[in-house]
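Next, two complexes with subunit A in common: one pairs it with subunit B, the other with subunit C.
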Partner chain A sequence: MRRNAPVMLGAIRRMLDFELDGEPVRAPEGSTILDVCREQGIDTPTLCYLDNLTPVNACRVCMVEVDGSRVLVPSCSRDVEAGMVVKTDTERVRHSRKMVLELLASSTDMSLAEDAVHRWMDSYGVDIKRYGPPGPPAAAGERDRRQAGHHHVPDGLTAETVAQPVKIDNELYVRDYARCILCYKCVEACGEDAQNTFAIAVAGRGFDATIATEFDVTLPDSACVYCGNCIAVCPTGALMPKSEYDMRQAGTWDETKQDQVTTVCTFCGVGCNLELTTQDNRIVRVDSPIDHSITNGHLCIKGRFGYAHVQN
Partner chain B sequence: MDLHLGRATASTAERAAVDAELGPPATRWEGGGRDRAEDGRVSYGGRDARSQRHLLLPVLHAVQKQIGWVSDGALTYVAQRLTVPPAEVYGVATFYSMLSIRPRPGRVAHVCDDIACRIGGANPLIDQLTADFGPAGTPRGDATWIRSPCLGLCERAPAVMFQLAGDEADESHAPAAANQVNAVLGGGSPAVFVPGSTPQTLPPRDESLRLLRRIGVADPDSLDDYRAHGGYEALRRALQLGPAGVIREITDSKLMGRGGAAFPTGVKWSGVASAPARPHYLICNADESEPGTFKDRVLMEEDPFALVEAMTIAGYAAGCELGYLYIRGEYPLATRRLEGAIAQARARGLLGLDVMGRGFAFDIVLRRGAGAYICGEETALMNSIEGYRGEPRNKPPFPTVAGLFGKPTLINNVETLFNVLDVILGTGPAYATVGTEKSTGTKLFCVSGCVTSPGVYEVPFGTTLREMIDLAGGVRDGRPLQALLLGGAAGTFVPEEQFDTPLTFEGTREIGASLGSGVIMLFDDTVDLVDILTRVAGFFRDESCGQCVPCRVGTVRQEEALIRIGTGRSNGSTAADVELLAELSLVMKDASICGLGQTAPAALQSALALNLLGVGASGAADTSTTPESSTGNKQRTPDAS
Partner chain C sequence: MTGVPAAAIRELAHRYAEADRAQICWTLGITEHHTGVDNVLSLINLALLTGHVGRYGSGLNPLRGQNNVQGGGDMGAIPNKLPGFKDITDDAERGRFERAWGMPLPAEHGWHLSQMFEAMDRGELRAAYIMGENPAESEADVAHCRKLLDGLDHLVVQDIFLTKTAEYADVVLPAAADWCEADGTVTNSERRVQRTRKAIDPPGQAWPDIKIITELAKRMGHDWGDPTAEQAWDELRSLSAMHTGMSYQRLEELGGIQWPCPDENHPGSKLLHERLWADPLEGQPAPFHACEWLPPIDTLTEQFPLRMTTVRRLDAYNTGVQTDGYTSPLWERESLRISPEDARRLGFADGDRVLISSRRGAIEAPLRVDASLRPGLTWMTPHSTGEADVNLLTNESWDPKSGTSEFKATAIRVDRVTPEKQRG
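And now, the complex of A and B:
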C-alpha cells in the first residue's frame, strides 16, 4: 500500500446482541443472519445467494428459525436484530433444507453442482426415489412455449423434470437448462448487479418458468454481450463455456489434471485479476476471484473468452 | 439505458394500439419513423420513458385487446417506447394467462372448470364444447375455447368469460350453456348479464343489511342515485373529523382486514399516515381470485361509487394523493362500472386536485390484472403495478414502510374499504358493538356449491356455519352433505361436528381453520372429492409464480402424489404417498415466500385429516377398500387440460 494513503475503515456500526443456537452472539448492525452464521462457522447451505449479488431469497435453502416468526426466515436476507433468538439446527430447519434440496434434485440435473451442494444433499438425507422415476425430457423449445396458467395433468407415475436438450447457439458458451434451478443469479449478473445488459429474464410462470431471451431468440440475436458473468455465478453448471462443455462431452475434462493460475488481464488498463484453469498446459476456463476489489468476480468478453492467442 | 432491439417491427395496428395508450411518440428516438440504416438498432429512451414502466401491463393489455395476441414486433415497440429491455417485457408478458405471445384467435371463451363450476355443470358444458367445437385450445375460424381457473361467478356456475379482440368488450357470463358459448365463438354478441347474486336483497329484503344495503336498490351507473341513497355522506363526515379523527374511529371500530390475513385496519392506516417518507400510496386490492370467492365482484358491480368514496376517505386519512385500484382481469363488468364511477366522480369534483372543494387532492388509477392469482398477494400486486413480474417480495420491509414504488403504501381489500363507510357513518365504538369482541362488524360470505340458494350473504361475525347453511336453504335437493370447504382453495374442510363454531377470526383459528376470503362451499354425497382436490392441486401448480422452490416444485409434487393416491397407482404404497404429502405440506408452509405456497397444501391436508379421501392422515390406508371404492368413486384417468 502506498504511504499516506487513507485507511478505509468503513462506517462505524453499532453492535447488536442476540442469540444464535443458544449462544450469545454480537454482530454489527446491518449484518444478515447468514453473515453471522458464516462468521461463527455454522455450515449454512445456500444456492441463490452469492456475495457479489443482491440476495433474492428464492431458493429457500438457507432457512433458519427465528423466535416470534410463524414461518422460517431466509438467513441470507434477514438482518439481525437486537434480542433476536435464531436457531439453525431444529427439526423444522433440517426438514425444510432437506426438502428444498430434494425437490430440486428430483426435478433438475444437479450432477455438476458445486461440491458443497452434494455435501448438503448427503448430510440432510436427500432421497429423490420417492417421487418416482424422472419423467421424459421435453422436446427442444417445448418448455419455452408453455402458456402460463395451463399444464397437462400428470399421471403421477413419473416425476416431472426440467430436462430438455442443451441450447448451443454460439461458440462461447452453452445453456443447459436441464440443470437450471432458477436461482435468478444469471439474471442478476446480466442485469443490475453487474453487466446492465438485461439480455435474459425469467419468463413464464411456476414450474414452467424459464430463463429466457425475448421470444427465446438465440443469444446472437439477443442483447447478450458475452461477458460470461452469468457463467461465473451459475451454481449448477447450467451455463458453461463451450470449451469446457466440449471437453466434458469428449470425456477429456479432467479436474485432477487441472491447475488454477491467477494473473492480470492484459487487454486494458483496468487490471482485472484472472483465474485461469489450465489442463495439459492449455487454458480451459477463465474466471475472476469473487473477492477481487476491481472485478467482484465479473469480467468482460475479452477477459473471459479472449485467450486463444495465448496458446497459438 | 441502451436497448438492443430485435429486428421485428410492429404493424400499423399494433403501433396504434400502443400509441393509443401512451400517446404518440414525442421524437423518432422513441419509436417515430425511425430509419434502421441511420439509427441502427438502438433506442435512446431517457428518464421520462423509463419512469413509465408502470404502464407496461396496461400497454400489453391494449395490444392483446386490439390484436388478440402480442407479437414480437409489438413487444419490440413496447420495449422501445417504455425503454424496458425486451427480455423483461417478454418475462412480464409470459407471466399472465390472459396475454398470449403466440398467435391466438380473436374470440376466446375461458371456460371455468374450477371447483364450484365443476360441481355446477362445467363438465357437461366442456364435453359439449369438445364435441361441438373441438378440444380446448383448438382454433376454429377466429375463435377458440380454453379452460380457466375460477372466474368468480361461482353462485351461477358454470361460468365463462369471453375475451374478444377488437372493439367488442370482454364479457363474463353465467350460467353458461354450450349453445350460448358456441354462438359467441361464432361471432355472436356475448350474452346479457344476469344479476341476482345476493339472495338477502330479493323480496322479502333483509333490511338489516349494511355492506349490501345499496345492492339492487341504487343504480350502479348513476352518481346521483348513489347520493340519493346516502352516498358521499361518509366522506363529508370524514372531512369534519379530519385525518386523525378518521383513523381514531377506524381504530376504535376494531375493524380487521377482510383480505384473509385479518390485520387490524387502524394499525395499518396510522402506520402509513405517520410514515415520514413521501409520497404515500393507496392500493385497493380488488384482485379477488380465490376459487369460490365473488363477494368483491358483487360489491364492485352493484355499488361501485361506494368503493370510490371509501378509497377517497382512506387516501384522505393516510395522506395519499394517488390510489391504485387493482382489479382482476376476469371482471369485465365490474371494471366498466368502476371506470364509469371514477369518471363521474372526477367530473363532479369528488376526485381530483380539490376534492369536494376542501383543498385536498386524491385521484384513482384503475389497473386491470391479466390472469394471475398470485397478484392478489399484496407485494406481488405492487410489482405488477410497477410493470414487473407479479412475484411476491420478501417481507420485511412491509408495505406500510416500503411498498409501491418503494414508498409507504396503504393496501386494503375491497370489503375492508366498504366497512370503512359504515364505521365513519356511525362511530368506531358503535361499529364495534356488532359482531364479537375481537371480530367486529358484519362479514360477507360467498356460499356456493351444492346449496339451495348460492350467493353473497352478509351476517354479523359470530354467526355459525350451521346458521349460514340454513340461511342459504341447506344442501341442494335435500341430499346429505359430504364435506364443507371454508376459506376457498387455500382454506380447509370443516367437519360437521364443528358447524356450531362461530364464524369469527378467533373462532375459526381455534379449530385450525381460517375464514380466508369468506368462502363456504358445500359438497353433497355425489361429488367426487378426489377430483375436486386434484383440481385444487392443479390450480396451485398453475398459479405458483415460480420464484421459490418449495412452492414451484412442491405444488408439482403435491399434484403428482395426489393423483397417484386418487388412481390407486402408487409408486411405493399409498401410506408412503400420504407421508410424502405431509412432508411437502410442511416445507411449503414453513419455507415459501408468500401465502400462496404456505396455504397450497391446506385443503388437501385437512381433507386427509378428516379422512375424506378414504386414506387417513396417518398414512394407514384402509386395506379392505381401495381409495376409489371407499369414496364411492369410479376409477379416474387423468385428463389433459
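And now, the complex of A and C:
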C-alpha cells in the first residue's frame, strides 16, 4: 500500500439475495440474519445481544432455521449468504425460543426484565408453572461455593432456581444474582467491548455457573473501577445502581413520575452524553445513549455516579 | 533528563513514525510546566515530521479536563480572541463585533489568569468577578493567591457552591449547574459542539449564568432582554463563521457538529489540516519549531531533594467541589506517594505522618509507599484540599507563552513531624 494513502472509511459491500420467511430479500454482505430481521420488522427475541457488544451466542433465544443446517443457528452472529433460505417462525423455532425463555423464567426472577422480554414470553406461550413451585432460595454465598458442573439430582417436584440474597458490598451498585440469566453482557462490557478492566467473568459451568470477581472477592477488593457499564447492559436488573435498588426497596421508585433528559457530562472534555432519569426534581439514574457515536453508551465512574453535587 | 532510557524513546518514536495511523493525546503532564508550550511544539514537530496530521485516525489531541475548555476558548473567553478565534487586535474583525454589539471594544490583548494575579500583586487590578472557578484552592502557590484575593477592593464570585474562593467574596451569585439545570452547548476535545439540557430545577435562588449576566447588565443600565440559550447561540452563529451552520435543530439531529461548519448544508469537519496533503500545497506550510530543553524552575537541592508532581485520580475531579458528595469505593485518603527506596533511605514506613515542605509552604500528610515510582519522584492530588492543601507547595512560575503554572514539578523535602508540631 502507498504510504500515507487515504484511509477507506467503509468497505464497499456487495448486495446479497436470499430468502427470508418465503420472501426474497437483499442485504449488504456482512449483515447478520438479525440485522435483516430487524430491518424487515420481524420481531426477533434477544437476551445476550446488544448493538454495542460483540455477539457471544450465549442465550440461544434468537435462533432461526436455515435450510441445509442440521441445527438452529443464532441469528445475532450468523452472516447472511447468497441463496440462503431462512425461516424465523417455524414450529421448531417457536418451540426452541419458548423452551429457552421458560427455563430461564422458571429459575430466575425476570420481573424487572425489559418490557420486550415479557412481550416475547407472552407471545411464545411461556408457562413456568409446569416446572412446579420454585425451590427454596439458597443462603447467602451458598451458590458461590457449589461445585459448578456437579449438578445434584432434582427432586422432580420443585423448580430449581438461582434465588439467593442480593449482594451489597459498596455504595454504588448491587448484584442481585437471583435475577441473573448469565447472558455474559456484563462480562463483555467489563472486558474487551468497553472497559478492558476484566474484573468479572463467568465462573464454572452448568446450572451453578455464576458471574464472579477474581476468587469471588467483594467488588471493593476486585479490579472493578465502578464505571457501571455492566449495569447499563444488564437486561434483567441483576446489576443495578444502589440508589435505584434502595428506592425500589423503599417503594419510592415510580416510573410514572420519571422523565429522561439527554445532556453532556461535566467531568472532562470527551463529551459523553448522559441520559438522566429524574423523579421529583432529583436525578435517580444515569445512563448513556447506546446509539451516540462518542462512547456508544459507555461511561466512567464520575459520569455515571458523580451527580450527588446537584441533588436537591 | 527524564529517567526513561533513550533507546526506549527512540523505539517508540520509530513505531509511531511507521504506524499507518497514529495519534498523540495528552493532558496536563505536558502543559503544566513553564515549558508547556515548548512541550506541545515538540509533539507537533514529531507529528509533522512523520505525517501524522490531517488524515483520518491521525492528529494531535489535547484531552480537555472539563466539558467546555474548548468551547470557552471558541466563545472568546480568552484575553486575546473574539468569538470564533478572531484576534481582538484585528480592526476589521473587531469592527464587525463593535457594529453588532453597538459598543466599542478594547483593541489590545487583555490579561490571562496568571497575569491578572500579578496585576493584583502590583495593585493594578483591584476588583474581580470569578465565575465557576476555585482559584483559592486550585492555583499554584495558593497562600499567595489567597492573600491577593483577600486584598481586593471588591470580589464577586458566581458559582454553584460556596467554594473556598467564595469565602473571600463580597458578593456571591448562586448559579445553576450548567450541565443539568440549564440549557446550552458545550464543545468537546474533538471540536464537537453538543447540546446540554435542563433536567432539574436549580435549588433555591440559583439562576442560570445567562440570566445572572443579563440581570446584572440591566442593573448597570443595559437592557439585553431575557434571551434564551438558543437566542444567545444564534447571535454567536451570526458572528462566528465556523459556527454559522450549527442551528440547535441540526445539533439535535446530528448528535453534535464539529467546527468549522460554515453553513446549514455543511456536515461539520471531522479533520483539520487536510490542506497539508494537497499537492501543490494550499496556503502556508506548517512551521517546525526549535525547542531547547530547560529544567524546571524549582531546582532540586540538598535542602529540597525530591520532585513532587500533582496527579488526578479516576473517581475525583480537580479540587473535589463536585466529587466530594458521592461515596466512591475507590476513594483513598490524601497522601504523599513515595518510592520504596526514598522511604527506606529517609527512615519512613508506609502510613507515617510527615511534614512536606517546599520553597513556598509546608503541609502535613500521611506517606504512602508506591512501588511504581522511581526514586526521587513523589506525587499528591489536588482533590482533598481539606486533608492536604497541596497547592501551598506548588510553584506559580508560569509558562510565558501560555500562562500555565508549573504544577507538575515542585521541589520538596520530607521531614518527621516533630512532637511539638503534632501538638500544635
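FYI, the second predicted complex is superposed on the first by the 299 of 312 C-alpha atoms of A that agree within 3 Å, B and C clash if a C-alpha of one lies under 4 Å from a C-alpha of the other, contacts with A are read in each partner's own complex, and residues count from 1 in each chain.
One rule holds in what follows: contacts are C-beta pairs under 8 Å (C-beta built on N, C-alpha and C of every residue); 3 or more make two chains touch, one makes a residue touch a chain.
Just so it is clear, the model here is predicted, and its values are computed rather than measured.
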| item | value |
| --- | --- |
| Touching partner for A:N196 - first (subunit B), second (subunit C), both, neither | first |
| Broader residue contact with subunit A after superposition on the shared chain, subunit B or subunit C | B |
| First (subunit B), second (subunit C), both or neither touched by A:H292 | second |
| Partner chain in contact with A:F305 - subunit B first, subunit C second, else both or neither | second |
| First, second, both or neither for A:L112, with subunit B first and subunit C second | neither |
| Which of subunit B and subunit C A:A163 touches, first, second, both or neither | neither |
| Contacts of A:Y131 with subunit B and subunit C, given as first, second, both or neither | first |
| Which of subunit B and subunit C A:L104 touches, first, second, both or neither | first |
| Common interface residues of subunit A - those touching subunit B in one complex and subunit C in the other | none |
| Subunit A partner contacts - residues on subunit C that touch it in the complex | 20-21, 51, 55-57, 63-70, 160-161, 177-181, 186, 188-190, 192, 194-201, 203, 255-256, 277, 314-317, 321-330 |
| Subunit B - residues contacting subunit A, complex | 1, 3-4, 6-7, 72, 75-76, 79, 85-91, 94-97, 100-102, 146-147, 149, 371-372, 389, 394, 534, 538, 541-550, 552-557, 559-564, 567, 569, 571-572, 576, 580, 583-584, 586-587, 589-593, 598, 638-641 |
| Residues of subunit A that touch subunit C when the two form their complex | 4, 6-7, 9, 170-172, 219-220, 224-226, 259, 261-271, 273-274, 276, 278, 281-283, 292-294, 300-302, 305-312 |
| Residues on subunit A engaged by subunit B in the complex (per definition of touch) | 56-61, 63, 71-72, 74, 77, 92, 95-96, 99-100, 103-104, 106-107, 130-132, 145, 147-157, 159-160, 181-182, 191, 196-209, 212-215, 217, 221-223 |
